[in-house]
Structure formats: structure tokens, C-alpha cells
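Read the structure below first, then the notes.
Chains here go by letter, A, B, C and D, matching the order in which they are written, and residues are numbered from 1 within each.
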Amino acid sequence: MSIRVTVWHEYRHEKKNKTVAEIYPKGMHEAIASHLRKSPDLIVKTATLDEPEHGLTDEVLQNTDVMTWWGHMAHGDVKDEIAQKVAQRVREGMGLIVLHSGHYAKVFKLLMGTNCHLKWREAAEKERIWVVNPGHPITRGLNSDCIVIDHEEMYGEHFDIPEPDELVFVSWFEGGEVFRSGCVWKRGGGRVFYFRPGHETFPSYHHADVLKVIENGIRYVAPQAGVIQYRNGSPNIKPSLEPIKAEHVVDESIHRH
Amino acid sequence: MSIRVTVWHEYRHEKKNKTVAEIYPKGMHEAIASHLRKSPDLIVKTATLDEPEHGLTDEVLQNTDVMTWWGHMAHGDVKDEIAQKVAQRVREGMGLIVLHSGHYAKVFKLLMGTNCHLKWREAAEKERIWVVNPGHPITRGLNSDCIVIDHEEMYGEHFDIPEPDELVFVSWFEGGEVFRSGCVWKRGGGRVFYFRPGHETFPSYHHADVLKVIENGIRYVAPQAGVIQYRNGSPNIKPSLEPIKAEHVVDESIHRH
Amino acid sequence: MSIRVTVWHEYRHEKKNKTVAEIYPKGMHEAIASHLRKSPDLIVKTATLDEPEHGLTDEVLQNTDVMTWWGHMAHGDVKDEIAQKVAQRVREGMGLIVLHSGHYAKVFKLLMGTNCHLKWREAAEKERIWVVNPGHPITRGLNSDCIVIDHEEMYGEHFDIPEPDELVFVSWFEGGEVFRSGCVWKRGGGRVFYFRPGHETFPSYHHADVLKVIENGIRYVAPQAGVIQYRNGSPNIKPSLEPIKAEHVVDESIHRH
Amino acid sequence: MSIRVTVWHEYRHEKKNKTVAEIYPKGMHEAIASHLRKSPDLIVKTATLDEPEHGLTDEVLQNTDVMTWWGHMAHGDVKDEIAQKVAQRVREGMGLIVLHSGHYAKVFKLLMGTNCHLKWREAAEKERIWVVNPGHPITRGLNSDCIVIDHEEMYGEHFDIPEPDELVFVSWFEGGEVFRSGCVWKRGGGRVFYFRPGHETFPSYHHADVLKVIENGIRYVAPQAGVIQYRNGSPNIKPSLEPIKAEHVVDESIHRH
């Protein structure tokens, strides 16, 4: 069964900074999307901040099974209304993969309920991303239990997130910090996967293992066919399923929900 | 060591509905607060929706260790700004106890990241609240592993919350439903405890065990003295703690965070 | 890709008790296995207590992707050595589904680390199994968010298990109890799913939804191809991946692990 | 309220190895116990492997609120029966702190249900233990969110444990690995805290912050007074709490549990 993927990208750095443009001539989104397009079962589209409605019309949202999200310098330019819609789609079952600096994206903070702070440093240091969850589908196809990235931005703990439902990766940084790099949560009927690497001045989205993890993540958070769906509302269940001894008069004058 | 508690209450039903006013002549908040005041180590204040700033000025917030929250008919009247401030105080370490229909309170939804839907029914049915976590501090002083409430509103699953960090109670309802009635989460440096009972037309906050659980919850979510504090920000950590082999030139023209 | 399933069954009640034999003339294992055999991708075998090595030779274990386990009156007759082997296979990646009275099976207790106590009552009462985790693959194909079983044995909380990694179902019983009926844990590289229904004197394994959940569970806990495998050992990692400033002389006379 | 602590120690290395004996002239247990004795509310005893019953008679066990456990070269010499008794006491509410190489202790493996493997290296390298859970009581009194130990044995992921209920610390090692260094689980009515540092050839139990964490851990896992107790058994609940429509004849000839 095919999975409809929307690779969402801020797409500003590439237009303003020569270093970034050289690494990602068509944008980071195309680096990710072109990898995903190699899989015939993934139907891949892209959307970017500066398109109308950030490329995320209701029609696009309704026809997306999994969205990936990269943003950084322009989180504030994402309209609140659009961020709310994306978050709501996740609750209704859409999968979401939040990448790197997307930790500060409105949609991620809305779903986490925290501020999503962290420590950071740009020193082109080495990162080792360790698998702490063997057997997990997100580790498929990795050659070892440690993904090595020669140069990356550092993110350090405390990472201000709710305790993950599943912790898949933990990073080691040359400069002395650690970070929970691969985390999964459920929100409503949808799964969220946060994956750390991807600073714009380094070619992390040309790294075979990083791309593999993103692809695995997409398959992992994709909604399942035929399952009990998320119910978007709070129904009044009357009459009751089982008989109730009604000794007590209910005051129906107070309506609620 | 004393705990400064603010019992926050919507306080509208009591003013409009005779049934509620008879059960809670001074308001539900006073039923809760008067129980708490029996403990000399709890310094108890109340605050209500219709006070200026809902009684939640910055000074009140800064001087509150644990807040309890009951709201129902007027969630929409709570100013977004105040809800955001309360949520932020939780992340900075304040404990929060959300009661009954507070499941739809802005502050709860902000902290959960979900819509917090549920099923419901007003049929004055029996509720049995079962302890599923023996040894938990929140169960202190209970006479049995089942709190029986003769007449309550029903709340049923699916309760639309993130998987709790700790599940303490699960309810059985006469009419056929179940509900995760006592749930704990951590958000930033603060703990949140949701506790289900407390429909306004029933005397649940005169029930000794319900009051005991609220009191226990307050002690459980209260911030601890001398612990590592939540850091509200994302600092740039330079220089690095450990030496970095700088083979790679970092482009300092891109500033972030 | 096919999944090799071994349906393990104690198979004693059917031989001793007429009621059970009438409900399950070929044994409970055949009721389950015959349903599973309808799926061409499931390669289904059975094994029972009174076969040599309980039907669980090393060869059978090595060629099983997912095992289901039902036991009750003869948990003590399962050899410790076999129970240990099955538990070890789970840690190495095999999926395990523990059914009903299997809560007291040696293999389940070995994997949980708890005593797995519960409350119980045989009163042919009604059970309602509620979905508390919409979107979960284990709910695939259910017609509603509540599986109703007209007559079952009651199991009640406190169910003495570690906090589940995922809670999928919670049961309501006519007689007043609740129970965490569908729970998932990870142990090493393998997943364990406990599913409650299945008392021998009731036809629960002829119930379409119960069979569906077992089938879904098998697909959910099946090992994934190509993932990072569980490492069964504690290797000494020398030389180190990164250089160490060896100011300190290590005493090599103390060997370990 | 006072807490009765039993510091259990293997106490073999100190007798056989000069380096260890110089660092811990009275044994590692005395280094820990002498710190704890500074707190008047902690009633501290020690017990060691080579005492009769390993110093863990039924009377000692019944009069211990929290036990700490360090073992390494002689895990196999701990009698199965004693390990089972300690595990059972945890389930009944006793707190347990497992230190360093205690990851392979029988009692820890019994409670975890896993093999508790890890990677290791003795290279006297630097360890940085990062707080990933601000606000947690176990972090009380730490001067920073990073405990630095100049020379320690390395433990690396994958650490073969069930997903912790609470993750408090993650370690960084100079040689390139990471490790979940501070983990909390609940088993039955009792809490277990694993804390990593403490290789016998380094003076980690003279490190002020390491001692502080152990002390904090003791207070955190100590059983609470007056709470709903763990029930060690599976009672038959008859008659039912709520009436059951008994349309179905129950076959009482099959007895169970």
C-alpha cells in the first residue's frame, strides 16, 4: 500500500546563504524527496513556506499520510492557523516527522505541550547517533548501531520534551554533550517522530543512514488501514449501554460539552 | 516545608443553578480549600474566573507551588494569555491538578498537546475508581483499593490524552464505560495530575476519599527544593566543554535560536 | 513477507472436562490456529505441553517468529529450562502473545519481573473491552471501539505488571471491576502483547473480534527484517572509538564481564 | 520519618586487590554508608556476600525500607533463593538502588526481565553524567546539570533494560559512547533506581555528587507510609460487587488460581 508523503521545508536559507545553496542546490526538501522517490510505494510531494498557505491547503493536508517538517529561521512566519491545522491532522492520524531545528516549530510545540528548548553549538563537531532500541523498525537497513556524522551542529540536554513513548537514538557529541536524538510520541491517533540531524550548513541530508532513518520513520508513523479511528469530539452517550438504577434525579438544566 | 496552594475555580455554576448552590453554598473551591486548610503545611488561597486577571496575577503565579483547576461552562472566557502563563509556570516547576471537566481547560490542552476529548453521560450513575498503582503516594490514606461514588457523571474512553507517565486510577461506570481517572505527566520541570471526579451537581468534593486524593496529589506534584531547575531557554554553549578538532570552517553568518 | 507462528497450548482442560471439550473439540489451539491459517502469509504450527520438550525444541524456537501462549492448570509442569529458552528467544527478537490465564505462565513472569497477580471471579459475566488507543495496528478490522463478550471470567485490578509501554485495551466487567486487557512491552529486541480474554469454559476463541485482535497482535509483534539486531552479550570495546587522554594507569589485573 | 537502609556489598575486590583496598580501605559499602550516616533520618546498616545468608536474613529484609546493591565478580555466588527474596521484597514495596556492575546482579535481572547486557571498557576515561529530567527529586543538591567524573569505566548502549519509567541521567564518555545512567522503574509496589558510576578501581563513591545522588535515590524509592499496599496474591472476588445477570451456568468443577 502506498504512502502519500509531503516533505515540508522552510526553504529560506538556501536562497540567502551561499554555503547552504552549494550543499543543497535544489533545497533540503529536494535532497530528502529525491531519496524517497526511489521507493515506488512512496508518493512524494513537497511544500514550502513561501507558497500560498505554505503549500498546505486543506486538500494537501487531507491527502497527506505523513509529513516531514524542517524549519529554522522563520518559525514565526508560519501562520498559527496552518500550524494548528497540521497538528490537528496528526491527532486525526497523519504521521509527522520533525527534523533538527524543527524542534522549535509551532506544530511541534503544539503537539508536545512544552517549550522544546535545548542547548546548541555550531562547531562542526563529530556526532555519533547510537541505537538504544534494537529491533525497532526505524533502525532498518543501518549498517551498525552507530551513525557517525563528521560535522554537525551540537544539540544538548536537557531537551525540553515530554518523556518519549519510545526512545530510539541517543547522540554523543565531540564537545561533551548528549542528546535524545530519535524520539516517538503518539498524539490522538497519529505518531510523531523527532529526528535530530540536519543543520543547514552540513550535508547531513546527503548521508545515506540519515536518509534511511527518515524513510524508515515515514513507514513507522504512517497511518494504518482499517484501524479504529480517532474520534474528534466528545459525544453524549445516551441511553446507557448497561442499565442504571436511577435513584437520583438528574438536573438536565445544566448543559455541557 | 509548607506548600503554597492556589485553588482555582470557574465559580459560575453555583451562581446560576440552585442544585449546585445547595451542594456548594460557598462554591466548589471552598469545599476543596476548607479541606486543605486542615493541614498546617498547606498555605491555601483561592482564585476565580471573574476576579481581575482571573485572580492569577504574576504575583499570585510566582507565589504558587501547586494550582488546582476546575472549569466547565466558561473555558472560553479564560484569557489565552493567562492560560499560557499558567502552562509556562508548570513547565518552570509549578505543580498542577486538573479536576473533572478541566479536561477541556485551555491550560490542560496546552500542556497535553491533544484535544482531550472523551465520552460523557449525565445519568447519576455509580462510579468505582480503582487503584491500579499500589504503593503510589497519591493513594495515601485510602481505606480500600476502590473509591465508590454513588452518583457521578460518566466519562468514557477513548480519553484523548498522551500516554500518561503514571496511571494511578481507572474508573468503572455502572452504564458500561471505563476511564483512565488518575494520570500523571511531567511537562518541563513540573508535574500535572488529572483526577476525574467532580461533576457540579453531585457532592463529590464532600467525599472524604476524593478530598484525600486531591490533597495527596498536591503533595505529589509540589516542586522539590534544591533540585536542578528547568532552564527556560536554549543557550549557545561556547567554548565547548571538550576539545573539538576543527577541520571544518563554521559559517558564522547564519545565526539562530 | 510471511510470519512463522507457533500456537502453544497447555491442552489439558479439553481432555479432562466435558464443557471445555464441547466448546473446543480439537483444543483451543486449533480454534486459534484455524483462524490464522486463513491468512496465506501466516505459516501456522501448534505445540502443546505434553509433547516432548513441550513441542518447543531448539529447532522449533529458531523457526518461530511469533509464539502465542495459553496455559492455566499446569503452569508448574512447564520445565524451567524451556520457559527460559522461550523468554530468551523473545529478547532476541521473537514476538510473544500471552493469552488470558497465561498471565501466570513462567515465561510471562520471567519477562515481566513481577508476580503478575490479579483478581478473578467465575460468574459468566459480561465483559466490555474498550479501545483506549485509536489508530493502533492491533485494532485493525474491529467494528467498534468496544468488543462485547457476553460471558467471561472476570479479571480485576490491580494487575501486577510493569507499566505497559503501550496500553491498547481496558476491560469493564458487569460485576464491578476494570482490567488493563491489552498491553504491549518490549524486552530486548522482542515485543510482548498480553491479551486478556479466553477462559476455557467460554467460547471466546470463536469470537470474531477476539480472533482478529490475536491476528493483529501477531503482525504487530513480529520481528522486522533488516533492523539492528539485539546483541546477546556485553563486549569489551577496545580500542576506544575516540582518543582518550590516558593520564591514569588502568589496573588490568581485575577482569570482568 | 526515618528510612531503614541496608547497604549491600559483594566485598571481595577490596580483599583481593591492593588498588581497590587503597581506595576503599573499609570497603565500598562503608564509603557509601558513612556518607548516609550523616543524615539522622537514615538508619544505616550494611550486609555483605560472605556473611551467613549474605547478611540478608528474613529479619533484615523485613526491616529494610531501601537496599543498595553493588556486586561484580561474584554475582554467581549469590544464592538464587536470596535473590528471589530480595526481588519479592521490592515487589512488596521495598526500594532498591542498583549500582554500577550490579546491572548483572541476579536480583536486577529478575526484576527487569531482560539480560541487562551493555558494552564496557576500562580506560580510565572521563564520564559526564547529564541531567535529562530537571525538577526530579533525585537531582537535589547537585551544583550543575552535569556530574563530571575524571576517570571511570565506560558503559555503552545498547543497555539491555526495559524502557525506564523515568530517565533521569544520560552519560557521555570520552571514548565515544553514551549510556542511560539513571533509570527508575516500578515493580509491584516498589521502586528500583539504577545508577551507573562506581567501578572498583576508581574513587567514585568518594565523589560528593555521586553520593548525593545515591542519597536522593534512597529517599525517592523509599516506601510511603499509609498508601494502598501491594497485594501478594490473586483473590477470588465472590460475591460480585455489582449484580450479575446469571443466565449462564458456571462450571464450578474447574478450579483455578
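As a working rule, contacts are C-beta pairs under 8 Å (C-beta built on N, C-alpha and C of every residue); 3 or more make two chains touch, one makes a residue touch a chain.
This one's a predicted model, so the numbers in the text were calculated from it and none came from an experiment.
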item: Same vs different contact residues, subunit A with subunit C, by half of numbers used; value: same
item: Far-end chain from subunit D, centres as C-alpha averages; value: A
item: Geometric centre distance via CA averages, subunit D-subunit A, whole Å; value: 36
item: Euclidean distance of C-alpha centroids - subunit B vs subunit D, Å; value: 31
item: Distance from subunit B to subunit A - Cα centre to Cα centre, in angstrom; value: 28
item: In subunit A, residues with contacts to at least two other chains; value: 126, 128, 131, 133-134, 145, 156, 158, 163, 165-166, 174, 176-177, 186, 188, 230-231, 241-242
item: Touch list for subunit D against partner subunit C, complex; value: 13, 17, 19-20, 72-73, 87-88, 91, 101, 104, 110-115, 117-126, 150-151, 154, 156, 158, 160, 162-163, 165, 174-177, 185-188, 200-201, 230-238, 240-242, 244-254, 256-257
item: In the complex with subunit B, residue positions of subunit C that touch it; value: 128, 130-134, 145, 156-159, 163, 166-167, 170-173, 176-178, 180
item: Interfacial residue positions of subunit C with respect to subunit A in the complex; value: 93, 126, 128, 131, 133-137, 139-142, 144-146, 165-166, 174, 186, 188-191, 223-231, 241-242
